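Quick notes on the structure that follows.
Each chain carries a letter (A, B, C, D and E) given by its place in the written order, and its residues are counted from 1.
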Amino acid sequence: MTTLFAILFYTAFAVLLAGLGFKIAQFARTPAPLKIPTTPGPITTPGIAFRLGREAVLFESLFKSNKPLWIFAIIFHFGLFVVLARHLRYFQEPVWFWVGLVQPFGLYAGLAMVAGLGLLLLRRFVIDRVVYVTSPSDILMLLLLLGIGITGLGMTTLAHTDIIAVKAFFLGLMRFSIQPLPTDPALLVHLALVAVLMIVFPFSKLLHAPGLFFSPTRNQKDDPRERRHLSDWAAKLEAGRN
Amino acid sequence: MKRITFRELTPMTTGWLALMGALLVVAAIAGAAVLYMEHQGHWVTGMTNQVVWGTPHVFAIFLIVAASGALNVASIGSVFGREPYQPLGRLSGLLAIALLAGGLAVLVLDLGRPDRLIVAMTHFNFKSIFAWNVILYSGFFAIVGAYLWTMMDWKMKGYYKGAAVTAFVWRLVLTTGTGSIFGFLMARDAYNSAVMAPLFIAMSFAFGLAAFILVVMGAYAGSGRPVAPELVTRMGRLLGLFCAANLYFVAVQHLTALYMADRGAVEAFILADGGIYTLLFWGVQVALGGLVPMAILFSKNATRCTVRFAAILVMIGGFAQVYVILIGGQAFPLNLFPGMEVSSSFQDGVVGTYAPSLPEVLLGIGGFAVAGLITLVGATFLRILPDSLAAD
Amino acid sequence: TGQAWAGDISPVIPKAQGACVDEPQAMRRHHFDYLKHQRDDTLRSGIRGAKYSLKECVSCHALRGHDGKAVPVNAEGQFCQSCHSYAAVSIDCFTCHATVPDKAPKTAGVTQ
Amino acid sequence: MADIDVPVLGDPAEREIPAIHPGAMAGSKPYVAQAVHQEPLGFAGELPEDWQAKALGRMGDLLGRYRSLQVFMDICVKCGACTDKCHYFIGTGDPKNMPVARQDLFRSVYRRYFTPAGRALGAIGLGSLVGAKEFTRELLDEWFNYFHQCSQCRRCSVFCPYGIDTAEVSMAARDVMNHIGMGHKYANEIIGKVHKIGNNLGLPAPALLDTLEGLEEDVKDETGQDVKFPIDVEGAEVLLVTPSADFFAEPHVLGLIGYAKVFHAAGISWTLSTKASEAGNFGMFIGNYEQMRKISMRIREAAQELKVKRIVFGECGHAWRVAYSFLNTLAGPWDFLDPRYPVPQHILEVTDGLIKKGGIKLDKSGNDGMVLTVHDSCNVARASRMGDCPGGQFTIPRDVIKASVPKFVDMHPDTTHEKTFCCGGGGGLLTDELLDLRVKGAKPRMEALKDVIDREGVTHMAAMCAICKAQFTKILPIYGYDREMVVSVHQLVSNSILLGNND
Amino acid sequence: MTETTRRDLLKGAAGAVVLAPGLTLIAAKAQARAPGSAASAANRFGLLIDTGKCDSGCTACVDACKTEMGLTGHDRPATDVQYIRKVNVKDPATGAAHSVPVMCQHCAKPPCVDVCPTGASMKRADGIVLVDRHICIGCRYCMMACPYKARSFAHEDQTNQREANPRGKGCVEACTLCAHRIDAGAKPACVEACAATGKAAILFGDLADPNSELSRRVAAEASTRIRADLGTGPAVRYQGI
């Protein structure tokens, strides 16, 4: 079991890193030939950082468009964020101070995350417009995260696992020294699903996390009259112009 | 047929940034004060084993009581169908939530073990009026939240009336509950009385409306939106009425107590020889916070300016009132051996000394900042304020 | 897990002598639940002397220093703390509870 | 117009989201361009045998050229936040008019042919699992229909948590279709006219001169002032580029008179140009950078030839987007113009500045009896700016209107500023065969208008876009209102401006 | 704990109750409960304090309590913890003076328990009123409610706690009637200390056991309870005031 999971996680990590690296490089390299920020928008660089920050943290546009969805999304993502922050403890020694501080919120964050996912899933079955645009992969994605969340919560509340050994396993992986992994079923399912998540991440809509920061309607300054914006391929068209 | 258009406040204007910045700074200072107090322990505050609730509780109770009163305007508009008040219902609901949150924040941050807040929300002793209050407060958030939703989402219109009535009843119960925190304390001569509940309701009406008037005037002046002067003076007259009710129950409170022989000592303490408490009672609570504003508000030529001034006086008087009830009541010694002279190493038989310490006061002010932040953020991101309150 | 722990990968947990009140594997996973359960039993019902007493944990797991005095169990590198700092678990038990037994530690060896 | 169901207008504050009616607009499509309109623009004349390969090739090109397209294809989470934001969906209930569903026509092809998961699963027939679809002829037809039911108004992008802009996808799709001979007749015909004659309406220079002379006479008769309408005047300070509708159609032309009066009153020398006698740039509607650039270059040439110091654009929404956001990119740099002025300027920026500095004087009584509201044109509102600060595109027109009329009222806040609803005729859809769509798409705007008419006694709605004005003059009567309700902003200025003794 | 042992122990406890009447002679010495058995409602522990025997200069009980419970002061009388204090009572009419040790009265109807929001203040089956400091949030409402001012708040970090009395900053605490000693069959520390001075002013015993010395004396001699008018039913009785 230990070896199997070691191989699984090395593979998953490789896929995640390569896939995500490729996608981000692709997003970054693809030129944006025209200025298309949604206006009114910021006209300075700090303004852009602030806009993206609001979108990433507060989901500002979503707030404008759909309050219930915003609440569900916030519940889920904030829960997810805290859960992930809390998980950092498995991968570092010594553990950062602030990671220690969020530990007590794991259970509540986990519950929030699962509740948020449940509500988001429900939406996919009851709102006719959302049903229409949903494809099976959208539902599978939510189920996958739900599976991870529920097994995780199971470990936090009912079937505790040996945290020390889990951490040793992961620290070991990071130092190429394989340590035994406890064989509690909840843990094994949790980890297997996490590996699946890591593998599908670069090929799925989860790309929205990095993608937001590359979205030209949000990350461009509204200054086309002040600064000439010219992409490489467009510049080539100018050869021989007066 | 005129439609009331509700519009968000415009963020990032100079005034908005200044207000936001100021509120954040005050809240941050309060946060620092809390860290200091929690790290050192409560001995750095003015609170002792005799006066166990201090300035933070004065602020908290003031805010909580005002919260329930701030809902008045919405209730008058929807439960009692007074149209001029209807456009202000949303602000009234938001302010109620904000004040309550500010008050609770202060209360929670003064706990000996604020890290165990979750315990407070998962362990209930149903005999405790305090535990009931936890439920009443959470319920207040939920119900006023729902009420706001019915005001703001047309699809929820059908539930508007129901939510309004529920909120109205709930907040009466809530203030009763807050008053009963004191009313049920048979150990303390200053409290143990049924009149505490109606007294707190009258207080809530007055403080809440005063706070509401100030916020409305501030918001409209700040955002350059028009307000009809008649609306202000009308609210002012209502405030005068609530002040009178408050004074009436204060009179009942003390007169009934004077009638009971065993309360003589504590009454003498508050009314005659309690030093600072007596001064606060007569000078600030009764005169400055009751009689003067009433004179102003019922005068024929009340203006926007005088109403604002009166509302500020009501707030100050109310603060003194809570201070006298809370701290004065605790400072007066417990009576273990009636009729005897007592002394001990544990301050038996002496008037408890209490002097507010700076961190406590900062924490309390932080409660106002939290309430202000919630109101500002709410009115910035939600359609809370009518575009215009001008008469047409 | 009869495994040689590699220092920087796993925590070094000071050993007590004899046997724990329960299977070490079970203790690793569940000691906090046991303690919590017992805590309520002792405090609220007055049940004394049951298996998972915090007093008992301390009395076995507190090591002795070179001076012969017991070392607090929550000190850096000591029994409770060795795991808890590794797993980033902070417990407030020892803001109240004594960290050394009133009497000399029952079984534990000397710290390095 | 018997065959159009005119939507029933509700209350804009209490708008129901329609239930979905699949296929409701499946039949709505514009005419396909003929080879005569396609080939001069360098597009395929008709659909070739291997259209699919060609289309996929072009898609690949565009994905590599436009970050917007690549990112938008990957990151939509199908949250549905945009679904109820499109006026065409609100007006028709056709689920394919929900922005995300419209994108999905494109995205399903992207997934099938450009993503590993779609390629792998698609190959074994399980593409639908990840929303991948074969690019069939039927799907191509859907593309043609539904990408011509998007006015590229960007309302959806305001509400999408990632700013996904369906307009970008529509543009890309139209470009792909042009490359395989499935062009849109109306748009491509017009682009052809711009290249040949200089403006969208195909007004030749003599006709233009004639019209302008007529206008000078009219204004003289009306005001007694010698207000000039100069054209091709070398050395003028300002080159005014304005949509060609301003030369004759009402209420557009009343706006043009307004511009002339403003320049006259402020003493600014200006000129039109026969070469650049069109502000509009339909290159944007078909998503073709090269066309857009070619059309823009005329303005550069005209400015250089006429040796002007400033370029000012007349009232037009998409024209202003191309001018404000793209002109510097497409035809810049503008270092030969006066650096004290932004390039280009909007006529409203000029007028607003003059009003505020006292350079012109207005007398509101010129518009007595009028109660105005304003329609924020979508390309002005969400794709460009006026003035120095974000949001100037909302305050400047309102300031000018308020300075010109006795009473102004805004429509419901959900339908103004960046949340404004398209008039229903933008994005190259202003063609008669799409009238049904245009009427239905105008529903949200008409609701908001009806609301202020009923409650506030609004008599007129100002618009600052040639397409909006044209659309409204057509649509208003269908909804039972007077076509003259829609006015140019500068028409109001024209009515109120004091000419002559201006000192 | 496995099921069998628990059941066995309960049986043992039940047995002890049944046996109790037969143990009259040594009843004054409380029995150590069998390990694993719960405090029983068959007991009602209390004190009888004879103020006549108590001396105003003596603080042996107070000191013993401090040692037993690990209470360290900081020379800040207003905020330092006191489980037991000496109150000097003087009748202004007669000039008669007493020195009275006052601690938690382990009320039968404790107001502190009624008001506590979390249930941290609680009454054990045998009548001992305790603060479960694991769930005390430090709100101090119980201190507001206690008519005897019996409770203290830990105003600062604590060190050198005794094993038997874990205590820390931010919680409210009070006399536990030395529950840990009672459970082990011993008398409260203050009672022992007073006996050691030779004054033996404090008598500990089981009020529920009619044959205990405490019960017999309470039945035979006049005793009062502080503020009996409040109806809290203290388990601490006083003689001589």
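Following the convention adopted for this analysis, a residue touches a chain if its C-beta (ideal position, glycine included) is under 8 Å from a C-beta of that chain, and two chains touch if they have at least 3 such contacts.
Quantities reported herein were computed from a predicted structural model and do not represent experimental measurements.
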| Can you list every chain that touches chain D and also touches chain E? | B
| request: Trace the shortest chain of touching neighbours from chain C to chain E and give its length in steps. | output: 1
| query | So which chain is the furthest away from chain A, centre to centre on CA atoms? | reply | E
| query | Considering A-C alongside B-D, which chain pair is linked by more C-beta pairs in contact? | reply | A-C
| task | Starting from the Cα centroid of chain D, hunt down the chain whose centroid lies farthest away. | result | E
| field | Whole-Å gap between the CA centroids of chain A and chain D | value | 37
| message | Can you compute the centre-to-centre distance for chain A and chain E, using the mean CA position of each chain? Integer Å is fine. | response | 57
| Taking each chain's centre as the mean of its CA atoms, how far is chain A from chain B in angstrom? | 43
| field | Approximate Å spacing (C-alpha centroids) for the pair chain B, chain C | value | 48
| query | Where in chain A do residues touch two or more other chains at once? | reply | none
| Which residues of chain C are in contact with two or more other chains? | 92
| Tell me, which parts of chain E touch chain B in their complex? | 74, 76-82, 85-93, 102, 111, 113-120, 135-141, 143-149, 151-157, 169-172, 226-227, 230, 241
| remark: In the complex, the residues of chain C that touch chain A are 1, 3, 5-6, 8-11, 25, 28-30, 33, 83, 85-90
| task | Would you pull the chain A residues touching chain C in the complex into a rising list? | result | 89, 93-95, 99-100, 103-104, 160-165, 167-168, 171-172, 175, 177, 179-180
| query | chain D touches which residues of chain B in the complex? | reply | 1-3, 5, 7, 154-155, 383
| note | Residue positions on chain D within touch of chain A in the complex are 17, 19-20, 22, 63-68, 70-72, 74-85, 95, 98, 100-101, 104, 115-117, 128-131, 154, 157-165, 168, 289-290, 293, 297, 304, 324-329, 332-333, 342-344, 381-385, 389-391, 393-394, 418-419
